[in-house]
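So the structure is just underneath, and the comments pick up after that.
Order of writing sets the chain letters: A, B, C and D. Residues in each chain are counted from 1.
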Amino acid sequence: MTKVGIVGATAYTSLELIKILLRHPESEISYLGTRRMAGTKISEIFPVLTKIFEMPCSPLGEGKVPGDVDLVFMALPPTVSMQFVPQFLDAGIKVVDLSADYRFAEKSVYERWYKVKHTDPSHLKAAVYGLPELFRDKIETASLVANPGCYPTAAILGLAPLIKRDLIDTDDIIIDAKSGISGSGRTPTEATHYCERNENLEAYNVGVHRHTPEIESIVSLMGNSDPFVYFTPHLIPMIRGLLCSIYVQLKKEISNEEIRDLFNNLYGGEPFVRLSRDGTFPKTKDVTNTNMCEIAVKVVGKRVLIFSSIDNLMKGASGQAVQNMNIMCGHNETMGLI
Amino acid sequence: MTKVGIVGATAYTSLELIKILLRHPESEISYLGTRRMAGTKISEIFPVLTKIFEMPCSPLGEGKVPGDVDLVFMALPPTVSMQFVPQFLDAGIKVVDLSADYRFAEKSVYERWYKVKHTDPSHLKAAVYGLPELFRDKIETASLVANPGCYPTAAILGLAPLIKRDLIDTDDIIIDAKSGISGSGRTPTEATHYCERNENLEAYNVGVHRHTPEIESIVSLMGNSDPFVYFTPHLIPMIRGLLCSIYVQLKKEISNEEIRDLFNNLYGGEPFVRLSRDGTFPKTKDVTNTNMCEIAVKVVGKRVLIFSSIDNLMKGASGQAVQNMNIMCGHNETMGLI
Amino acid sequence: MTKVGIVGATAYTSLELIKILLRHPESEISYLGTRRMAGTKISEIFPVLTKIFEMPCSPLGEGKVPGDVDLVFMALPPTVSMQFVPQFLDAGIKVVDLSADYRFAEKSVYERWYKVKHTDPSHLKAAVYGLPELFRDKIETASLVANPGCYPTAAILGLAPLIKRDLIDTDDIIIDAKSGISGSGRTPTEATHYCERNENLEAYNVGVHRHTPEIESIVSLMGNSDPFVYFTPHLIPMIRGLLCSIYVQLKKEISNEEIRDLFNNLYGGEPFVRLSRDGTFPKTKDVTNTNMCEIAVKVVGKRVLIFSSIDNLMKGASGQAVQNMNIMCGHNETMGLI
Amino acid sequence: MTKVGIVGATAYTSLELIKILLRHPESEISYLGTRRMAGTKISEIFPVLTKIFEMPCSPLGEGKVPGDVDLVFMALPPTVSMQFVPQFLDAGIKVVDLSADYRFAEKSVYERWYKVKHTDPSHLKAAVYGLPELFRDKIETASLVANPGCYPTAAILGLAPLIKRDLIDTDDIIIDAKSGISGSGRTPTEATHYCERNENLEAYNVGVHRHTPEIESIVSLMGNSDPFVYFTPHLIPMIRGLLCSIYVQLKKEISNEEIRDLFNNLYGGEPFVRLSRDGTFPKTKDVTNTNMCEIAVKVVGKRVLIFSSIDNLMKGASGQAVQNMNIMCGHNETMGLI
């Protein structure tokens, strides 16, 4: 039985973690840490948990490390997370960090894009990027896993089979991404107002979204190149769901069938990646509330088009976090996730 | 040509007013007053107006009355509106007030429900309730019209034919009301967050919504009784549209046909009220972006059920406000509204 | 381990059944019966199941009873279900029927509202109405359980505490009900077209919805009266979720607190019924994807208002069906449902 | 006063045409032609028109040309339209055809993509592509205007300033397009079912959408090249609105400012094209229910990204059709459209 803590318990991703863990037969939630809501029952923050899970939240602070926890999920915002991660690691607690604070091999890239000094460079170096389909071996023995961003998860899973075989130009990767609104978090702003979002669609953070260097960083790891990613996210009027439509240039002619074979070879044994049936393309609805990534590929002209879809709160955040926990703690990798 | 001002120019209802007035051949907007955004162009507040209508907003304040205006629409919140209405009236400008500040014949009722002292009781007495189908004559000669609330507009138009003939018990009027989210205004709150509102439905302000006394007050005017209204509004995951489902007890047996005749007699000549085709019930979509109120009636058991539907921003606010302006200023009543 | 069959496997409710049963540790799906899609894998019908559950569907027909099944869920339309239920019962298989075919104690009421002759009157008599909170004892030993309709589930759970104590007039029960579109089933029609349903709201089947006699029938069982229910359903632009807003007349004065106590007494020990926190009202979102029914009560004037909310596909259909299976087969009642 | 007919009166685009024309001071609808609903009042087909515009539909057929019509809008499906267009032209009636039947200079391209023989090649040759911003002069004197497709309108307006100056590689134009569901028409199918479309997102017709050759054909006209367009449309869970996110390769370095100047020069005087404010990107909501196309451009790396947004039923269909009528009949080009 893995004893689990959740830090930053009021985020949407924390609610998802709780829902998954309540179904997980070999773990139990023993700690909910929060900066501002200590003493409040989690069911008052998320009434959906009333009569189901009513644990009170504990204060989060320097030196306040829970005694009886094997692993914590950190659901704090980037730049805040790294203030608290060290004390958990130092107490021998494994960490899955859902923020961006430990995702970059290069400290300088993090600092350039997040505009703060990284305060925990030693753990940064030791952290493993928690995309199990690519880094399962390292995750098994890691004590700190950086859970990938939602867009990078879908994008990298869509690109990996082609990059590993060096089939595409990595300096001209075009990712037109679309996400539901829950990706914007719980804070009410004009941008999350129902009347602004519903029946509306727009691109945002064009050319400056922080998931760009995260994708480039992993592409670089896979391909030993200096990649350039044109990454453009769009806000879609739906709560959950994420689709990356990816346009890449082929280095040589290759057929649809060969590419499908490539993907099937890499992902055939994966429980959480599947190819769309031939001739069809992923619907986000078909991965909503699941930890699945569904991918379709199609050669058009000199390019291959890749469509990669996940639930941004599941495979894009909390589902993948539990998948990582399962690997780190020796549970069946799909436990609690199907 | 009527010269028009809009005060409180940043509200959703102001955008609707502008859109309507841009199509109105015998009026022109000559003033936009705002408490906080003076100097800003209205097209920066509502980008939809870019290249269409880009007038800058003027400051609103004591003594700051525009010189060249015949009528102002007041789109300020209740309790704020009555601070500014007197200075416009005193300058000889007609006023259509979209707030609740001048809707109540009884000052004490206003003060009990809005929890402030009424600071302009003299104009309150002179104000006319701007429901043209019931009070057209008075509106024609009024200088201050209190534009009705959205729920009261739909509810009262649904009830009026029955109450005028004394056919129902007015002490047991049950109004189950449903509204789109734009009725909640533009302020971002947890309650207007897309992820909270979409795929969600709830009752709110049960038994305490301020439109209850407004409906009771007009029912009382029509029926010389002491009415009791059970009014329960619900938030519906859509931007615009409002439906009142009304359940009232018949004093004596009466057929569907007789009731339809009653409604047809009262509303047959009205440009903005229609009955649903026999056997059908109003869809809010069929009145969206129009100034129409669609009503259906059906006798069931000892009760008659009434369904009354409007666009909360049009017949429920800005459309009706322009209808009132047309009546007050001698334009064709439907001008700009079809 | 309970071996389970699902008949009518292509309905939305069947997909929900499958999702629940995949998480249920003491049951397994061993049969999927369908009238028209035999041979097709269920994952082709519901791509969301690809790589998760890909069982082929079996033909459904006279005499075609699967050998190795302990209990079947019947997800066929009303009037069709009763053609197949007898052959399963005769083979010693327990049945939870999600259609209306076995919900009425009075055959004549069924025949009047469903406009067909009931072809299986003997089993009709033996069937138990599957609302565990009221009929748990009978369900335990039943071989045929009629799973309640979605609206009746919410309505009856909201009314039961008051009717059992004889506190309200049962001849004037007003139920203003609202449901997401999944309640309309999977068949594409003008009425389920996205552009007709989104940003739209309407009442339907006013005074003639078939859940009216179902509610009246159970109210009658509880209260020994001749009830009259004004039941008006509305279509809400959301996929899942159902709210009944109920207005009933009190026989005598009673306080909010007393009524809350009454509800707490009856439902305090129930795993799937909860009261809203005092002063709040149920949001359908807070029961979506759960088997919970959330209820709030408030006395206003001479009436008590009750708000009762469920997920129409869960507590209103498939969740409750599994709850019934758990009771019938001796599993923990909440198994697979939290 | 232009006397107008609408053929194929039951389409969504026809409802939009009617709404616009009711506000148009110098035209009147004198004919509604339909293949299947002759005799029915248009207000029964679109109840939103009840009490506003209740003209009965006339039969459409060989030789059945209305006597008193100056211009007809054809809102029939492609391949059907060209069966009826000749008889109107032959009777001296101007035609704006909203189908694809007259959009292609090359008959063979039409026949390859629409998989039928073109039955009216002579008029095809004379037809003018109705994009006023590019072909205003020809439209002025045309008797047959082919109203552009929704996607091509947004795409071409976004590309034109760059192609005219030969600034981009036209053999690598990537258009990731997103559209609301009304683009799929009124026929109820599984693909337009509310529960399939809401909270869902998907690419469709990848590499095979018929708007691909339409865009290529106009790009070719502007640039004298042999263009290749990667066009991928996506279905977005909203009723109206369309965004093309376009990624093209620059032939030489050029700054954001220079590109904005280019667009401002071409479109500064256009009433229905505007650039987003600097640093912002178009929201479809800001063009909904208007005839505006809003465009933003941003240089990223070696590419320029273009975002072009319209209301698919307005500038993408009926609004542009009326704009064309205004030009063809000598009305002010914006009449009825603001």
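Points to keep in mind about this one:
We take it that a residue touches a chain if its C-beta (ideal position, glycine included) is under 8 Å from a C-beta of that chain, and two chains touch if they have at least 3 such contacts.
This one's a predicted model, so the numbers in the text were calculated from it and none came from an experiment.
Taking B-D and A-D together, the chain pair joined by more C-beta contacts is A-D. Farthest chain from chain D (centres taken as the mean of C-alpha atoms): C. Although chain A and chain B share one sequence, what matters here is the overlap of their interface residues, and that overlap exceeds half of the numbers used. Each chain gets one centre point, the mean of its Cα atoms, and the points for chain A and chain B are 47 Å apart. Inter-chain spacing, taken between the CA centroids of chain B and chain D, is 37 Å. Averaged C-alpha coordinates put the centre of chain A at 39 Å from the centre of chain D.
Across the assembly, chain C contributes 198-199, 237-239, 283, 285, 288 as residues in contact with two or more other chains. Considering their complex, residues 12, 181-182, 186, 188-190, 192-195, 197-199, 237-239 of chain A touch chain B. Those residues of chain A lying in contact with chain D across their complex are 172, 174, 176, 178, 180, 196, 198-204, 206-207, 228, 230, 232, 234, 236-241, 243, 245, 247, 281-285, 288, 298, 300-303, 305, 307, 309. The touching residues of chain D, when paired with chain B in their complex, are 22-23, 25, 44, 47-48, 50-52, 199, 271, 274, 276-277, 280, 283, 285-290, 292, 294, 338.
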